[in-house]
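There are two complexes below, and they share chain A, which is joined by chain B in the first and by chain C in the second.
This part shows the complex of A and B:
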């Protein structure tokens, strides 16, 4: 039985990042006794929640063979819309509904553009990134808008003693895993990401699934926007800049392949936590703020290099197998 | 058994089935009946229309004309899942990153959209795999299975849908001898179940092993049909090849003594211990079926694929082959897919022609920056090769396939090579351009260039080559000189399953 658990554990694609996170955590706890306190760990999870939630959406997009550069802009647009509506109307139901509908809509638009025009998702979402961000600045007149103090509940409040962002992350995490492993959509996402040709030949609803994953990416960016807005207390012009890098890095670190077809929700969340841990560690070491980006980029590079090397090794193995088959076919020794 | 089969009404009847692509008929007036428990061989050379026929019957293509009857009902277009027809294509359509169970039931995932019943999917896959007699775990990722098991999974997947007709397109090309026998045993059991099977293969032994009846296609036309027991292998091969063999033949000059290329003991994952030579002024044809390893061989010579062995160009052994290294020694490779691998479609003909020899045109003096003589050279090639283009500044993408191929050929000729390797030099090219290209190739040989020509178009090889070597499943299995060319023997050698003869 332990054998079974061990075997199924080693098959998990998120295992490497989980081990790396544990090692990093252990290292940090020896460097600083403040690290392994309950409040610090909790704060790390809260800090990770925004990128982790977005990473779950991005995992779906990347598994389907796409990429979404515009998530940071969707986050910014949603924040702007919410803050502006709250300032103008003061109605929470209206602002929440508008924020969620709008973020879903922007994601849908990404998906429709990708499907309808068949342009590479990278270029499509690079364009919408600029459009969404520009539109948001236009909408708010580039001003900082505070949100009412009660909003803070979403960012810093607690239910049953658990911070709300962690609860939200947990909920979305469970839904994400369920959607990926138990629904038709989940299978189709991986199938389409693996082989467009086969998906076409099998008659899978490629267009609908593609649009759906971008919409999922959009709505999760919207939810993240609300948490972030609550945590920082209002709209600021810098919100969401560069966050797409962190989100994509979290997904890739988590063991999802940029080529699509395979990936994990769990790994993406752990990847997001890992990146926060790195920041946390650098912070504990009083590192210069300029070092952060260098370290993040370096970590991502190492992760993809390791992945590439193992892929090359697999390729070589396949080639050897093929040679062996060829010899067998001809009855050669 | 066969006699009782013909008494029951046919499960599939095809009447006057035709398909035209862009005005060009690819399949014409095809008619046959298929009964339950019957296996029909669909044979023909590459490009005879087998794939188009397959795609019409399994619903991927809509026929231009004719009708398909299933159990007496007529349909304009087949709906594969509703009609119980499925095809296993030569190129597998499995999702490598999905599990076996996920792959097998991807068409009809059990349960609801928001809750797939994985237990049921697993059970369905297990039952099917048990029936096929293969110990494959439904829970493993397909990528971890070998080619043989993947083929079985693909068949299992098709069988979940096919309760009437199963189409198998070259199902054995990636199988070892043992796996092939297992597959045939499975087919026998499917026959007993009353399934009708269309079996597309080049391998005559297999056809006689599994099939009851046959339909022969040539150039899209049905040139023969009947019971296999009444047709000899020779007669089938004769029908496939037709009478057109040995008609037009190019006048060739004798090759020189000097060698242009020597390949010794070349091995890779796709071929084994390949040896051959090409003399200067000689045209060597490499014949074989698709998947025999011919393109891989050509690519390996130019370092595009990893391989071990010796490649000698002229007198010099190339230690680390690469396209650039080969080019420096005057050897060039003209790949099969010209759009993908060769031409810059949105650039003018002039630039495409000079691309490989650009160094010759670059003037070194600062005063006259630019490419001297490029226009002149391009105009000369266009003229020499009879390329139909309004102006050399027109984009290559605007030209017809034949003229595009000529541009690609012309580009390499601009480098004044001593060795050229062609992969399918006239694929998808009209007859006039084909004629021009063949002439150009024979002129090259006359000028002392060594030519290797990989082609699936056997008449083309018979027409243009001094010598033909035959490749089968990664090995050279025979060689023919021009005076002993025999289309039927070449085809038979390429497609036989026996031990290779010594070359």
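This part shows the complex of A and C:
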């Protein structure tokens, strides 16, 4: 029984990042006694909610064999649209509906362009990144716009004593795991990422699934935008710049392969938390803010290197097993 | 005659776009076709041109180098600091090239020798290079650039800025290397079919290592040229260039999948973006609308280039 649990646990792709997060957390708690308090842990989860929610969407995109560079620009466009609509009309229902519809629409557009024109997702979303970002600044006339104070509820408010961003993250996390493991969409996404060709030959609806995946990435960027806007208190020109790389890093740290086909929602969320923990630790050490990039880059390099080493080891093990089997069947012992 | 035109169109699909833009902008703005404007336009894009040549090599080999943008910053900052101390341009060039080569070698070792994914690996080194640039400079422009280097940045021969001449020299050298040496031909083969390349006896790993090394070196040179252009080494100089660099290469018609493309195409791709941005600036189009136009152009241009090359095949 314990053996079974152990075996199924070690097969989880998110296990390495979970262990790394625990080790990092333990180290931080010895450095600073304030670390292991409930309120600090809660604030770490709140801080990671934006990238974690986006990482869930990105995990789907990457698992399908694609990539979405434009999520930061979708986040920025949604924030701009929401802030502008709130300033012009003051109507929450209108602003929320427009923000969510628009972020889904921008994601859909990404998907349609990728499917219809057959240009690599990297170039397609690099182009839409530029377009969405330009359009957002055009919309607001390059102004910083504050949002009403009640908006702060989404960023700092609590329901049943749980901060709203954590609730939203939890909800999306559960839906994400369900969609990936229990629905046809999840199976198709991984099948397409594994082999585009065999997916086509088995008649899977590749176009629809691909479009859906980018739309998911878009709507989750939109939800993140609302949380971020609420936490920051208004639209600022730098919102979302470079966040796509943080989100991709979280997904890759979590154990999802950039080549597609396999991946985990859990790992992506833990990856986002891990990145916030690193910031937290550097902050505790009073490190220069410029060091952060070096450490993040180093972590990413170590993560891909470790992943590569374990893959090579697995390959060698399989090869040894195969030769052993061959020897047995051919009686060459 | 018609044949020659068609062939040029197929190998350089961006040529008609450049021609059309030049005609449109010279009709719309009386300043566009003046010597001063053309000189400014060329000078502003020398850095992108040199880095784009490096990226072309990487694309041709089937990889990607996201770090080239911030390697420009890191080598500019470190070389700027060294020059502020020594006031020696030769030492500055050597430092910039060494820093670029060091990052290229790290990328090459991890990707070529250890087999890591190019996208994630260079994303990691991109962050590291950016951090180094900002840590070493404390986030502000490095002062103390030698006067001779600033003069070089303003110098021009026959209306062509000296920095652009360096860029064009890089283009010629790179083109000759790609077409005229066995290294270049092997590079194309590795990019178009890795397995075939391995079976013909090419050391694919060494090949990939050398490609990232070259791209790093060119990033270092671009960083040095950025000091001449801007007068100071700026830690954030490369941050916004990545879109321009990748955009120029794919607009020129070099495929990201490897094996398809050339240095001359990249020259035209850089020219296309240079003309576009200069023209939109002259017409008083704000930067955010330029972002939209740039994005649309990169998408449409890449699509057209892909279609043209597919038709040929």
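FYI, the second predicted complex is superposed on the first by the 312 of 333 C-alpha atoms of A that agree within 3 Å, B and C clash if a C-alpha of one lies under 4 Å from a C-alpha of the other, contacts with A are read in each partner's own complex, and residues count from 1 in each chain.
We take it that a residue touches a chain if its C-beta (ideal position, glycine included) is under 8 Å from a C-beta of that chain, and two chains touch if they have at least 3 such contacts.
All of these numbers come straight from a predicted model, not from anything done at the bench.
*Asks:* Give one of first, second, both or neither to describe whether A:297 is in contact with chain B, with chain C, with both, or with none.
*Replies:* After superposition on chain A, A:297 lies in contact with chain C alone.
*Asks:* With both structures superposed, pick whichever of chain B and chain C touches the larger number of chain A residues.
*Replies:* Of chain B and chain C, more residues of chain A lie in contact with C.
*Asks:* Taking the superposition on A as described, I'd like to know which of chain B and chain C A:262 touches: first, second, both or neither.
*Replies:* first
*Asks:* Contacts for A:249 in the overlay, against chain B (first) and chain C (second): which applies, first, second, both or neither?
*Replies:* After superposing on A, A:249 lies in contact with chain C but is clear of chain B.
*Asks:* Which partner does A:208 reach: the first (chain B), the second (chain C), both, or neither?
*Replies:* neither
*Asks:* With the two structures laid over each other on chain A, which partner does A:313 touch: chain B (first), chain C (second), both, or neither?
*Replies:* So A:313 meets neither chain B nor chain C here.
*Asks:* Going by the contact rule set out at the top, does A:138 touch chain B (first), chain C (second), both, or neither?
*Replies:* second
*Asks:* Just checking: does A:326 make contact with chain B only, chain C only, both, or neither of them? Give me first, second, both or neither.
*Replies:* A:326 contacts chain B only, not chain C.
*Asks:* Return the residues of chain A at which the contacts from chain B and from chain C coincide.
*Replies:* none
*Asks:* Where on chain C is chain A touching in the complex?
*Replies:* Touch list, chain C to chain A: 64, 110, 114-117, 119-121, 123-132, 134-135, 138-139, 243, 246-247, 250, 256-257, 286-296, 298-299, 302-303, 306.
*Asks:* Which chain B residues qualify as touching chain A in the complex?
*Replies:* Within the complex, chain B touches chain A at residues 60, 89, 93-98, 102, 106-107, 109, 113-116, 118, 146-147, 176-177, 267-272, 306, 473-475, 499-500.
*Asks:* In the complex, go through chain A and note every residue touching chain C.
*Replies:* It comes out as residues 67, 113, 117-120, 122-124, 126-131, 133-138, 142, 245, 248-249, 252, 258-259, 288, 290-298, 300-301, 304-305, 308.
*Asks:* Going by the contact rule set out above, which residues of chain A touch chain B in the complex?
*Replies:* Those residues of chain A that touch chain B are 182-185, 187, 190-191, 193-195, 197-199, 201-204, 261-262, 319-323, 325-332.
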